[in-house]
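Both complexes shown next keep chain A, but they swap its partner, so chain B is in the first and chain C is in the second.
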Partner chain A sequence: MEAALAITERNDSIAKKGRQKAQIKCDTDSVAGCVSQRACVFCGARVVLNPITDAIHLVHGPIGCASYTWDIRGSLSSGAELYRNSFSTDLKEQDVIFGGEKKLAKAIDELVEKYHSKLVFVYSTCIVGVIGDDLDAVCKAASQKHGIEVIPVQSSGFIGNKSAGYRAACDALLRLITPAEPKKIKHNNSINYLGDFNLAGEAWIIRNYLHEMGVEVNAVFTGDSSYAELKTAPAASLNIIQCAGSMAYLAERMESLYDIPYLRVSFLGLEDTVSSLRQIALALGDADVIARTEELIARESALIEPILASYREKFNGKKAAVYVGGGFKAISLIKQFREIGIEVVMIGTQTGRQEEYDTINELVDEGTIILDDANPAELERFMVEQGANILVGGVKERPLAYKLGVCFIDHNHDRKHPLSGFVGAVNFAKEVYSTVCSPVWNFVR
Partner chain B sequence: MLDCTPKEIKERTGGGMINPAKTCQPIGAMYAALGIHKCLPHSHGSQGCCSFHRMHLTRHFRDPVMASTSSFTEGSSVFGGGANLKTAIKNVFSIYNPDVMAVHTTCLTETIGDDIPSIIRSAEVPEGKVVIHANTPSYQGSHVTGFSNMVKGMVSYFAEATEPIKKEQINVIPGFVNPADMREIKRMLNLMGAKYIMFPDTSGVVDSPMTGEFQMYPEGGTTVAQLKDTGNSKLSVALGRFASSDAAELLAKKCQVPVATLKTPIGIKATDAFLMVARRAFSKEIAAELELERGQLVDIMTDTHFHFHGKKVAIFGDSDIVTGVTEFVLSLGMKPVHVLTGTPGGAIGSSVGSFEEDIQEMLQQAGVAGNVKAGGDLFTFHQWIKNEPVDLIIGNTYGKYIARAEDIPLVRVGFPILDRSVHSYMPIVGYRGAMRLLEMISNALLDRQDRDALDEDFELVM
Partner chain C sequence: MGLETTNYRNVNENPCSMCMPMGAILPFKGIEQAMVILHGSQGCSTYMRRHIAEHFNEPVDVGSSSLNEKGTVYGGEGNLKKALDNIIKVYEPKMIGVLTTCLAETIGEDVRRITIDYAKERGITDLPIVSVPTPGYGGNHPEGYFLAVRNIVEALTEKTTPHQKVNIIIPNISPADIRELKRILNLMEVEYILLPDISDTLDRPYEKPYTKIAKGGTKIADIKAMGGAVATIQMGITVADELSPGKYLADAYGVPLYNLPIPIGIENTDLLMNKLSEITGKSCPDNIKDERGRLLDTMIDSHKYNFQGRSVVFGEPELVYAVAKTCFENGIYPLVIASGSKNDKIRQLLSAEIELSPEPVEVLNEADFMQIRASSRKAGVNIAIGHSDGRYLTEKEGIPLVRLGFPIHDRVGGQRLLSIGYTGTAMLLDRITNTLLENKYKTYRSVMKKKYFRDSNKRIAGES
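So, the complex of A and B:
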């Protein structure tokens, strides 16, 4: 598909690693008329907040926005299941003409009466932004009426892209955790874990590692979290962030508001997991914690290194392409592939930032294609040109890869096993193996 | 997970939805547009809509679903989306080179009032290429309405009555069904020796074979020439009133093609009716092979009728599919005691009539008392089941929550099915589709019987 590059506006969003440092155009609006893999502000906000298990997540808008995001995140709960329902005000033409505020107020009343939740998130969608319903006022009134927290999420789809939705979610979270008397917060020794949504139970794995190190996790944002846990967040003494794209902003705000320092971590792959655990131990500065951390690392590494080595032999000469949501995950994946002997030859993200692309550029080999906000035609072109054997992506990229006879790994909401931590590193290798070495490809070529 | 659904039914006055049994118009329009050969659907709105619809369709069909978006920003929603759409039209033809670009609106662009026809008229559309559109506000109807609206768009943009005498061919509008159903309908017509134009036709598009190459525009789809020629056909057969009859009526008005509106041919009665119309239109006998299949179906029904008789079933999904399935299970002696669709009564502005009346009439004739609702949600459906338990649920993937909460087997039929594969390659229409439905329903019931049987009741032969 040569025509893919007929669009000159996209030229600056694609770079090839070479001697010149590549500056890539990113963090901008998509070009109208492209087949973009991106989603909207509402989607970003919904996926970040939805894992809060005991909240009512009410989507204020026509039915579609609630339908498509009903239980898609794949985040697990150890307790409440309320978050897995799909609540919508189901706006109709009449509401669009006369406004949806009354309907919203009524919906909140009925849901609160039915489920007795202490926390309601009300998400605004495109149409609510246009008809101008006063979400703040409705939520405030409902909050007073029921004596609970009803928090508006300003997530009209058109006010940016998915990143703006992450910010809207963080603003809603900040509102939730703000204590009545911020000055009186006493920091305990626990940490908050930001940017893990407990897909396939990943947050539980990290919680267990930290527990073994002697570090207590206070609240997770937002995987398997609850109203009560999140409320205690300002008391923690450290924030660690896994998914930086969604949570860096929250961490920055919490640092300035509550003096909680933060640390960027990654639990994807052996190398990043080990260095992240060490960093956390060092940041806490407790000799006992440091010792226990080294024990954990030694034990787990010894366990999985030979497994990874055995996979490495099987993947000789294979090349990978990566197209994921955020830049931080992309960076981890380069290292993780290297651990199992696979070079990344094409890498892109939907919402990566310049500094992340800089890091990517430093990490990858010469000749690697780097691209921002790619469309399927570009993905196809570069996967084929670069000779990629495997693609890492999300729902929409999977059948594209398969049609090209390229193996695939889901690194998004559809993953069925944890890819975090030591166990995740093995799962990742196992998944690469199961797709790369499947006999099915014998019938394709 | 739905253990928190209370049994006690209270009238909900707010009008909101809990666990919807429908979704919004644009996805239906996108799916219909995929049924035109070399067509790129285009979503005029924010990126999320396009992304969600592609994701949902991708999960259901497990095939690449391509569509472009106007990628709205704050500016476009304040100043109108005209500039975005014009840029999009230019880019779509220069990058992706489709024959047809099918634009559908979203709730956002409907609300800000973009006048799509005049934007299209003032856009640069390359020679020989066409941009069609459908208005698909998400705050009206459902995904079925959107499908219907895009099919209407095909008629209004393409259909022409150019021949003085109508040709010996019929138009078949299959409705919002899987590509396998479209294939099966075409197979039956081919066996009848009938000439037909099916539109839209997603077979070959979203069930395309694996070749090691990615085709932006796979082989399938109704061609523009065929769409034009629909105005010359002697009859339009609209299968499923909610998804298909509006387009057929428009074609009658525009090109004087008479209309036969039928049920989606699910089950023996509806398939008979469909074939009789084909026979009358072409004065041909029913093909021997179809006679054979019908005989086999009746044979299977008699062999197994005692498995089904009196079993209570709850059915939900899209109006046309639910209507067909309800008629079929009634013919097996089952009792559909809860029947619900998320789509409101009839498509907006159409004369398709009432889903509730249709179903109630069928139930009354069979002497079954049941709950029937259009425009409902799965919360209501679940409450009904709590109050009157059933032996089986028939519906899409979303039924699995209720099936688990109430420990009832679920037969997956309809759209979307996100957690199983192969379904889009297997028809549920026609006699062969009925056989498959029979197999799925009886396996679900008998598997349950085996699972629940006490040791002393456990049998080899059933």
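So, the complex of A and C:
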């Protein structure tokens, strides 16, 4: 058998859309030696919490983990800049042998004294779980000592995959927002916006739309958020979730704890943006809001539709491959590509869930390859076999695409331009144009 | 009080280095048809792949044993063996490196034994599996790099008949630098074995069809023969003996070791050229002498501009030493010299220059960027030279950064930066000088105005 598919254990994670509904194996541990593109629990937790701008983010572990995640997201801030630092207890051999609790306690003391933050997140890494440092106890003591919140994030690298990290982050957030007296919370007719990390100002863009619709945003999880803002979260009347992979769990918990219903939205692409804004307006059920929303949609659509149409002409017959982190993003991308006249022929995710794969399977055309937790050998094989002209992925996938002579779109978390909302839909088409129609390909084909 | 406690601190604020296995991956990428597996949880290898891929703009495949909770509690032997199986199936490598991570080391995995057992069980005789213990907390990436080279040498070299080749141990320099070194060696007609050699593997040409492992890299047969070489030149003057591949070759096979700095700067390059002549009896060819002359010309052309530079140099010890020395040579006095690694040799080696420096020089050992930033601000540094994480100095203190070293993840072309030899030094100097000039031209109008202009300087129209 061909090398790319030599690992039979991977067979169930790869499907081809056909007459029969494809069941795909997902949300399991990566197969050893498969060069998975996935990150770890710690990484999942860090990327979710890191955009909280006025918190001290302290990595309890050896230096590498903190090094690789310093300023990891292009999350913008309208105020504090504390979150852009990477603090680490920089564990050394002797700390691993004798335990790192004392060092951690001192590290928290030093940082709190220096930066006067009201909020500290302490992330555990692989070895912390193994050497048995009692993170909870150290954080509790520090919290009492300084009269601030010091929240442990249980994110030892080996206790699952990135999704487990999302969950650890949500648990930390729940701890943060739990009010002293949960019963007394009154809902204030505003909404929380979950799962936007304000990459290139995306949360601001969506906030602006909502504002125009007459919808008050209470707290954003976690793009450009602050300690004080997040604390108010239980008072909202509705949660909307953009990145479901990271935030669905938090939304579910908030529904049961505080009676806040939630709505899944997506602001990737014109179609999803329009339908999401409508859903939000309908959910709030205010006639005025609905009217203003329709105005906004009409105006913005009229502005961008001709632009998208002009790009569409240029993309005749192109085929796309998608390999991204979450399932919801993958679903949006299928629609978004369709909007600009491009068919998706291969699609996969790192952390997609069964129901998301079901939706993907419904959306794509016959013959499309669907894969979970793909590796470079598989990506290479299917991009070539399916005749993909363009790949959407993160930093690790980019050089592979280029080496294969395939165009590339960055959908990673340090991008510098927004891909959300109406603006984002145009940016996306523009980016596709910049790669698909570059003269460079004349020289290599 | 020993140095260990001097540098001990409770919190590292913005790291200036990465962890051991990261450094250890790179040498394996410079060996023909080699693959690497990290024994630990999935994240370590993903992060490192991301960093390396971004720097070199090349696909970087690194396996992981993807240890989960079960493996952590009951031992990861099964996972590692499975990882080896799968890597062999998909990549068909000629050699495999197995590196540990924090996790594997902490739970006490005996990787050497596991890999030996594995080879026995599978009846593998012609596929070297080299293991390297690289706990993330055991040192930083520069130490991981040399430890990996040393382990490769220890595992592969054999007693061989003496030959005329010179071993050259390459530190973490760019593919372009390695190609430049080969050009010099070829011009001089020196026979050599370079280890490792990422010049093709991490800077490969666009070509079809794509291969999973890039062509190029040091041949395993060449590594085996290193014990019979006439000499070893190791660009590892700051490297501790226990990490030194050259020292091992000297001890085990009696190959004379010459530890030299990376040939950046005129003196450092002279050292290399002279040593090569001394070892081989061949003289420096005329065209290289011309290049030396051109470098001198470059230095003279720029000396006044350079003299306005006061630098901070940071990064891997070996590179920091060579670059700091070059700064001294050119009057771009380095007022802050910093490495994230624990390495006392930098200061020792530069003591003469530090003594003669017109301004005080601070050498930071095991530094983080918070310290580097504070020292740079205090010293009035106006140019930074080092890897991408120094962009923080630009952003927060307005100190422009000349990118050099690893990783460069916010610009393209880290793999194409040429900085060694007479020609490379001239190119590096131009990058530095031009950055100083750019900054000067950008600001001198406003600086002068702020300094000297007062309202009284303005003659009111019609009054004269």
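Definition applied: the second predicted complex is superposed on the first by the 444 of 445 C-alpha atoms of A that agree within 3 Å, B and C clash if a C-alpha of one lies under 4 Å from a C-alpha of the other, contacts with A are read in each partner's own complex, and residues count from 1 in each chain.
Assume a residue touches a chain if its C-beta (ideal position, glycine included) is under 8 Å from a C-beta of that chain, and two chains touch if they have at least 3 such contacts.
Quantities reported herein were computed from a predicted structural model and do not represent experimental measurements.
In the superposition on chain A, A:Leu82 contacts chain B only, with no contact to chain C.
With both structures placed on the common chain, the touch criterion links A:Ser332 to neither chain B nor chain C. In the three-chain superposition model, chain A touches both chain B and chain C at residues 3-4, 6-7, 29-43, 58, 61-70, 85-93, 95-96, 103, 106-107, 110-111, 125-127, 129-131, 157-161, 376-377, 380, 395-396, 398-400, 402-405, 444. Residues of chain C touching chain A in their complex: 9-15, 17-22, 37, 40-51, 53-54, 56-69, 71-72, 79-80, 82-87, 89-92, 101-103, 106-107, 135-138, 140, 204, 206, 208, 210, 212, 340, 389.
Of all residues in chain A, only 3-4, 6-7, 29-43, 58, 61-70, 85-93, 95-96, 103, 106-107, 110-111, 125-127, 129-131, 157-161, 375-377, 380, 394-396, 398-400, 402-405, 444 touch chain C in the complex they form.
Chain A contributes residues 1, 3-4, 6-7, 29-43, 58, 61-70, 81-82, 84-93, 95-96, 103, 106-107, 109-111, 114-115, 125-127, 129-131, 157-161, 376-377, 380, 395-396, 398-400, 402-405, 444-445 to its touches with chain B in the complex. Contact residues on chain B toward chain A in their complex (touch as defined above): 1-4, 6, 12-20, 22-27, 40, 42, 45-56, 58-59, 62-74, 76-77, 84-85, 87-92, 94-97, 106-108, 111-112, 137-140, 142, 208, 210-216, 342, 398, 401.
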